[in-house]
């Protein structure tokens, strides 16, 4: 029996029950998953696990739903097809959100002149790829934030570091082929390097560190 | 007679008459100028000429005025003192505005597969300085935009280039000391390099070019 | 009639007559050419024209001839197969020779506090490729030389610039396919950018500029 | 009693007894030390400890002695005063020596497809400073070597990493002022980061990492 092949799935009203199971199953089958919900804050873990992208959408609003489909379609696409509101949103999520969190954290760390803030970047943090301007803008901006913070806050005792994750991250549902072992980043391996940066004495701090699988082209 | 020394001036209700003359005079005397007006769109030339910064403010609104003084004070400052709305605004002006303009331009160029878009960056485009996170975020993002556009649009015939202006630009009211000739960038010199990049045949295009005075440390 | 296909040719005793014609013919046919002669100084133009590499060799010396074949084979190769003397030679040619020439030039320019020195780099100046360590070492070193000279000599009136040529250069015998126009760098296009850098006023100098064809991936 | 102040000391015939004690004492007093000996191989530890530079010299040879003084004088200096032989030597020591050692090591590691090679760079590896062209050439070249090796050898199981040490290294005789704690790199802190890079699983390898004191400007 020939099975139909699907490449994309959009799960509207995503939560933690069936929709989560579906998302995991789809991802395991190599289907690219988009999750839509009114509040996407809780979908972070599921997105990480499945590689899904989450979109805010009130499914009772015609406008929202139309916008949802537009966003899903346009995730990666030609420069001229980008929708300004989506671009603004991408920058806000990647960079401005990073600022907001970092500032709250620094305010609490400065009185003790002690603390560390680790930012996670991507290949796109240092290289602007075609058909990917919004992501490049956000990730470049985040790196600029990290570098500026490092220069300002290091002498005040706060260790700011930026990690360039250059490759796909292995997860329960996304693994590398058997004949290419360790060709995806093991999240435990990444975590080890984050941990090690936290252990650095202040006389020898790193502000940036890239991580990639041994077989990754770069 | 000893003259009092002022370092800063805030001109509220800035337009093209007296306030413009004052701005020029102040700038010539080395005073840092801030201009406030309800509509700041028309202040661009004056800002360029005098190095002033413009702030939107309806002086009949108590809230606006309070916000104005906050912004003037906070232009450059400690990371923890940054006001999130100002940061969002800085990113929007530096990077998102660049995107909006570029997209409109590209849409008109693509049918002819011909055109050029030149972005102006600064030292902060490649180096995040202390006490300057918003500017670094905006300028890094603009560079990411330019690089992504260059990769995508060059093969479609559109030349995208990014200029890193690494130093102060000479103007009628801001000039270098007599004993350090050419220690500021002559805008005509910058313009020449922009022009030259526009003349490059497509078999040998540049996507990035930095410009600095001969005596600039870098 | 099926024609045999050759991929490599080694012309020993290369000069300006038949061997030069052969080199041009071979190159036109897509054959990679190596030229060997006792004195290779005069082969520069021919090498540029044909993309050939020249090797010093006294064909009456058994030792030289053995070394010749070794060199031809090893031009690009696994790291462990590199012959130290070849590596030293590659660095000497790419970087130390650049230093020698630059120093002589600077000594003659400094009395007038005027002059310009333009270095030609390659993609390998900024990216060390696999199986290419000697070239990377030489080209990285040349860039370090150029940057150090720029910092030291710019304030003394000497303009030092480094060009990263990122792609193949078109020549009489090496041209791009008809369906990919301008996919190789036109040497006249490169020359134009060299010329333009020479025209820059000292208030707005560039120290580095990369050039690539519009369709080049980077 | 006013004490005379010395800034430089040249110790000829340096070994492990008195001359070593003198070197330590001088260094502690802030005097810059040069060590000359017929065989300088054994002076490495002393040089590291005292920040001294070692020069090979047979003090019974007039030529050697004249050359010695020339080298000591010229360590850092104007571009036009550089002596070509010294430049060649600097590149050889910084970069070619690194190649020789690395190749021997790789040959022994490849059969097991396992091993790691860590290169030590400096600020000059990524920035060519004025009056420092030979060092920049050598250190840039070493970085090119490391990057090329990383691309070639990582997929063969050998982890190649390059450390940019951006600051002075603390030693028994060179320490930071009491009011600037940890403003020099603690060698144990550096060692910890080397060790941590060695612990990285191959799914998340770093090829470059810079280290600097928390208060270092960069």
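For clarity, chains are labelled A, B, C and D in written order, and residue numbers in each chain start from 1.
One rule holds in what follows: contacts are C-beta pairs under 8 Å (C-beta built on N, C-alpha and C of every residue); 3 or more make two chains touch, one makes a residue touch a chain.
Everything numeric here is computed off the predicted structure, so don't read it as measured data.
Here the chain-to-chain distance from chain B to chain C, counted in touching steps, is 1.
Chain copies chain B and chain D are related through a rotation whose angle, from the C-alpha fit, is 180° to the nearest 5. In summary, the pair chain C and chain D forms a contact in which both copies contribute largely the same residue numbers, shared numbers making up over half of all those used. Note: centroid distance chain A to chain C, computed from Cα atoms, is 42 Å. Rounded to whole angstrom units, the spacing between the C-alpha centres of chain C and chain D is 30.
The set of chain A residues touching two or more other chains comprises 151. If you check each pair of chains against the touch rule, the ones that pass are A-B, A-D, B-C, C-D. Residues 78-80, 82, 84, 87-88, 91-92, 95-96, 99-100, 103, 106-107, 110, 124, 127-133, 136-153 of chain B touch chain A in their complex.
The residues of chain A lying in touch with chain D in their complex are 151, 154-155, 157, 159, 170, 182-186, 188-190, 192-193, 196, 199-218.
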